[in-house]
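The following pair of complexes shares a single chain, chain A, combined with chain B in the former and chain C in the latter.
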Partner chain A sequence: MIAYLCAIGVIALIYCLLALGLNLQFGLTRLVNFGVVAFFAVGAYTSGLLSLQGAPLVVCFIAAGVLSGLLALPIGLLSLRLRDDYLAIVTLGFSEAVRITIQQESWLTNGVQGLPGLPKLFSSWGGGVSDIAIFTVLAVIVGLVCWGTVRLTRSPFGRLLKAIGDDEAALSALGKDPARFKVQVFMVGAALAGVAGAFYAHFITFITPEQFIPLITFYVWMGLVMGGSGTVRGAMFGSLLLMVFLEGSRFAKDWVPGVSEVGMASLRLAAVGLALILVTLYRPNGLFGGSSK
Partner chain B sequence: MTWIDIANLLINGLIEGLVVALPALAMTLVMGVNRFPNAATGDFLTTGAYAAVAMQMLAGAPLWLAALASVGITAVVSAGSYQLIFRKLVGRPMVASMLAAIGLGFLLRSLISFFAGHDQRTFDMPLVRAWNFGGIRILPTDLLIAAIAAVCLLVVFVLIYRTSFGRQLRAVSDSADLARASGIRAKGLMLCLWLLVGALSSIGGVLLGMKAIVMPEMGWESLIPAFAAMVLGGIGSPVGAVLGALLLCVVQELSVPLLGPSYKLVLSFVVLALVLLLRPAGIMGRVQLVR
Partner chain C sequence: MTAASTTKADMTMLKVDAVTRLFGGFKAVDDVSLQLGPQEILGIAGTNGAGKSTLFAAIAGQQPADAGRITFDGQDITRVPPYRRARMGLVRTFQIPREFKSLTVHENLLAAAANPQGERLIHAFFQTRRLREHEAQLAAKADGILQFLNLSRVRDVQAGGLSGGQKKLVELGRVLMLDPRCILLDEPFAGVNPVLIEEICDRVRELQARGIAFIVIEHHLQALKALSHRMIVMDRGRILAEGDPHTVLDDPRVQEAYMGGVV
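Showing the complex of A and B:
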């Protein structure tokens, strides 16, 4: 039971990290990143592949964050100077391009078979203890990111980001260059997703391209918009809600008779779709954020 | 690679381009008028294909009748989704409509896969042999697909450029406020637009299914190419969307001998990125719509 709770806890914290990254990008700066899973995947594969080459895990994690962040640079430069819906289209296309490339380039990534047998974090401490250790380390990191985000929102830089989200034209009129800040925030959010991917890789220890479908991106979006984007509290609460939903729908299979595993997956997708529609329609500020615009 | 291979790829690219032009046109119409990239377009395609499959399987209808019924069903789904969702998001940030569109796409796809399963399906069509002109092979079915797509595009262009409906639509697309001030009623116009979008997507889905197979992810997989075609042609420009789709698909086909068929989607993304880098307005677009 403790092992199960610990496993859920780790996955929940990984989603928290993704949601916090997206919260920086969308919640604060209104950057529509529909390719969260791309940076998550790049982080997971970077760290996984390096670790298989024998690199120490610390190096792998740093490389995962750095590479994901750097990858966001061209994407950001490409689209952030244009209207904001371009970023949405480009990131969505990017996430599919990344997944297919991972699937096809089997000389590097072992293709659809994926990478089995990745080293687990703290594995030398034995099964149960290593899970608790991963949970603790992740919790500390998530805590630090939360603290950093709150500090950031109160700093001059954070006010600048909020101003970009509110009224970009006014900001340019004040002589600031919004595009530069947008690219920076976009990269930081992507790096967080990359680190989340590294944790995922070295917790699950087996990654395949199928784990990095666009649905993951919209799990994170669903969590963030349900919790209420723009605040750390919203991102954390939303990830928790998401986890309850994901785990709950796994158990629901035992209660709903006559629905197969595949049918259940369809119903889960339907619930995600419906939630995205209903929240945007009726709760734009999150479930508990009031219904005003 | 001989010139005959190239000619074959070229022909295949043009045929595919005509099919992709349908969703690209549907998307660019919505983009021009409602100002958001309709990410549910792909799943409208899937809805159309499955509606036709269902009509063939359950009612035993011939393909043309099944396709007609599917046009009606998908048009209603599309107009209904506007009425229930997107109409209420007018005036809200673009991301609200886009998120809702993604959600709608998931919802449609999951309902389809729940009831129809994940098995691949095909239309009940007579098998025909390809015509062979000294190495250049043309499938009569492909010609039929291309002809239907071309006729549909023609009909839509007549609607947009030669009817009062089209004139009003273009007026709203240019300036919604000005259009309202001149007495254009947006309500009925929008419903007609979304009926048209659904009909276009449905035909696109059926043609796509005729060319290959029908499965729940087929629409989602053609979403990125349709996006790329729309941006390449210039957002909001109907002619651009068609040109963009033709150009994109020809380039995609020509890349197949070099990169293999799996990289088509990646190539769509690369084209999208290159257009944004070099000429964000696309072939036919206006710069002010871009920035």
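Showing the complex of A and C:
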């Protein structure tokens, strides 16, 4: 049971990390990134492939963050010209392009077969202990990112991000060039997703292209929007709540007679969708987003 | 800069020379020329759709001129992006207030201040003492401006919750953070109560006395007449009349175009 809870905890924290990255991009700066999973995938594959070449895991993790961040540069530059829904379409397309590339370029990524047998973090400490260690390290990192986000939000840099989110044209009429800030925050968010991907790869130890479908992006979005975008509290609790719900509903099938495993999975998605609609209607700032602005 | 051009800049701060701005085939601004001296208040009136706001957008850079030339302080700025024009001291406010709604009034002003070092990402985490002092100076400056604009009471209120008139003042406060030399005010009195209009006029006059030039677009003709040194009336993208406010408003062509000849 502890092993199970620990596994859920690690996955939940990975979602938290993704949500915190998206919170910088969307919550503060209003950049609509529908390609979260692309940076997550690139992080996972970068770290996975490097570790199979025998690189130390620390190096793999750093490389995952750096490469995902750099990959966000061209998308970030695109976002200077594209706003809102157009950026959403481009990022969504980009994430599918990344997934299909991983699937097709089997010389590098082993294609649909995926990468089995990735080294697990802290594996030398034995199964149970290593899971707890991963959970602890991840919790510390998520904690640091939370602290960093709060710090950023209160800084002059964060103030400008919020100003960009509110009215970019007005800001540029005041002598600021929003471009640089948008690109930077896009890259930081992507780097966080990359690190999350590395944790995922070295926890699950087996990654395949179909783990990186747009549904992951939408889970991250649901968590953030339900929790309350723009706040650390919202990103964290929203993601945790979503995870509790997704995992918890696995057990629900025992109490719902006559529903198959597949049917249950669909019901689960429907319920998440309904919850999202209700939250948007009745708590537009999210469950933990505080009072209306 | 040569001595000759400096003298010229003293006489004319802003020069708009035969500027045209097209929307498709429609000439929103059609061959408009005007000049603005330092410490001058120029009023621009005209019916809706006369091209006033588009002219502002061409001067401030949001909608660059398709033809013609704009010079500020003797420098050609026709192709300069808006943020660089603002840094040169040429700033604008908007017809519909564009406050940063999730920031407080005080933060709205701070976001406008020139603070390129403090606003770097790295300095969100590693602040030197010099940067902290600079930020404190800016905060004090913002407080001074809020006091000047009588906004100190709402200093820590989120700007999205202010009244229309207060938002106009916040916008004025924001551009003042840039130590501007020329301010373009787009309908500063629209939806503002008469008492506050008087207050805004007083502030504009005080700022003008301190050496700032203004161009003011306004439909409230009485207030504009009282405030302006010189007036321009626009109609269908062109300048219809120009001169001192009384003469311009008495011009039969202006009455015909602007008030349908009724007044």
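Here, the second predicted complex is superposed on the first by the 277 of 293 C-alpha atoms of A that agree within 3 Å, B and C clash if a C-alpha of one lies under 4 Å from a C-alpha of the other, contacts with A are read in each partner's own complex, and residues count from 1 in each chain.
Just so we're on the same page, contacts are C-beta pairs under 8 Å (C-beta built on N, C-alpha and C of every residue); 3 or more make two chains touch, one makes a residue touch a chain.
Being a predicted model, the structure only gives us computed values, none of them experimental.
*Asks:* Kindly classify A:225 by the partners it touches after superposition: chain B alone (first), chain C alone (second), both, or neither?
*Replies:* The answer is first: A:225 touches chain B but not chain C.
*Asks:* May I ask you to decide whether A:106 touches chain B, chain C, both, or neither, giving the answer as first, second, both or neither?
*Replies:* neither
*Asks:* Taking the superposition as given, does A:92 touch the first partner, chain B, the second, chain C, both, or neither?
*Replies:* Touch status of A:92: first partner only.
*Asks:* Touch check for A:274: first (chain B), second (chain C), both, or neither?
*Replies:* first
*Asks:* With both structures superposed, pick whichever of chain B and chain C touches the larger number of chain A residues.
*Replies:* B
*Asks:* With the two complexes superposed on chain A, say which partner A:172 touches: chain B (first), chain C (second), both, or neither.
*Replies:* second
*Asks:* Take the contacts of chain A with chain B and those with chain C, and give the residues found in both.
*Replies:* Residues 293 of chain A touch both chain B and chain C.
*Asks:* In the complex, go through chain C and note every residue touching chain A.
*Replies:* The touching residues are 60, 62, 81-84, 86-87, 91-92, 94, 98-103, 107-108, 110-112, 114-115, 118-121, 123-125, 127, 135, 158, 160, 174-175, 177-178.
*Asks:* For chain B, which residues are in contact with chain A within the complex?
*Replies:* 36-37, 39, 85, 88-89, 92-100, 102-111, 113-114, 117-118, 224, 227-228, 231, 260, 262-263, 265-266, 268-270, 272-273, 276-277, 280, 289-291
*Asks:* Could you please specify the touching residues of chain A with respect to chain C in the complex?
*Replies:* For chain A paired with chain C, touching residues are 148, 151-152, 155-160, 162-163, 165-167, 169-177, 181, 184, 188, 230, 293.
*Asks:* In the complex, go through chain A and note every residue touching chain B.
*Replies:* Per the touch definition, chain A meets chain B at residues 26, 30, 32, 34, 78-79, 81-86, 88-90, 92-94, 96-97, 100-101, 103-104, 215, 218, 221, 225, 262-263, 266-270, 272-277, 280-281, 284, 293.
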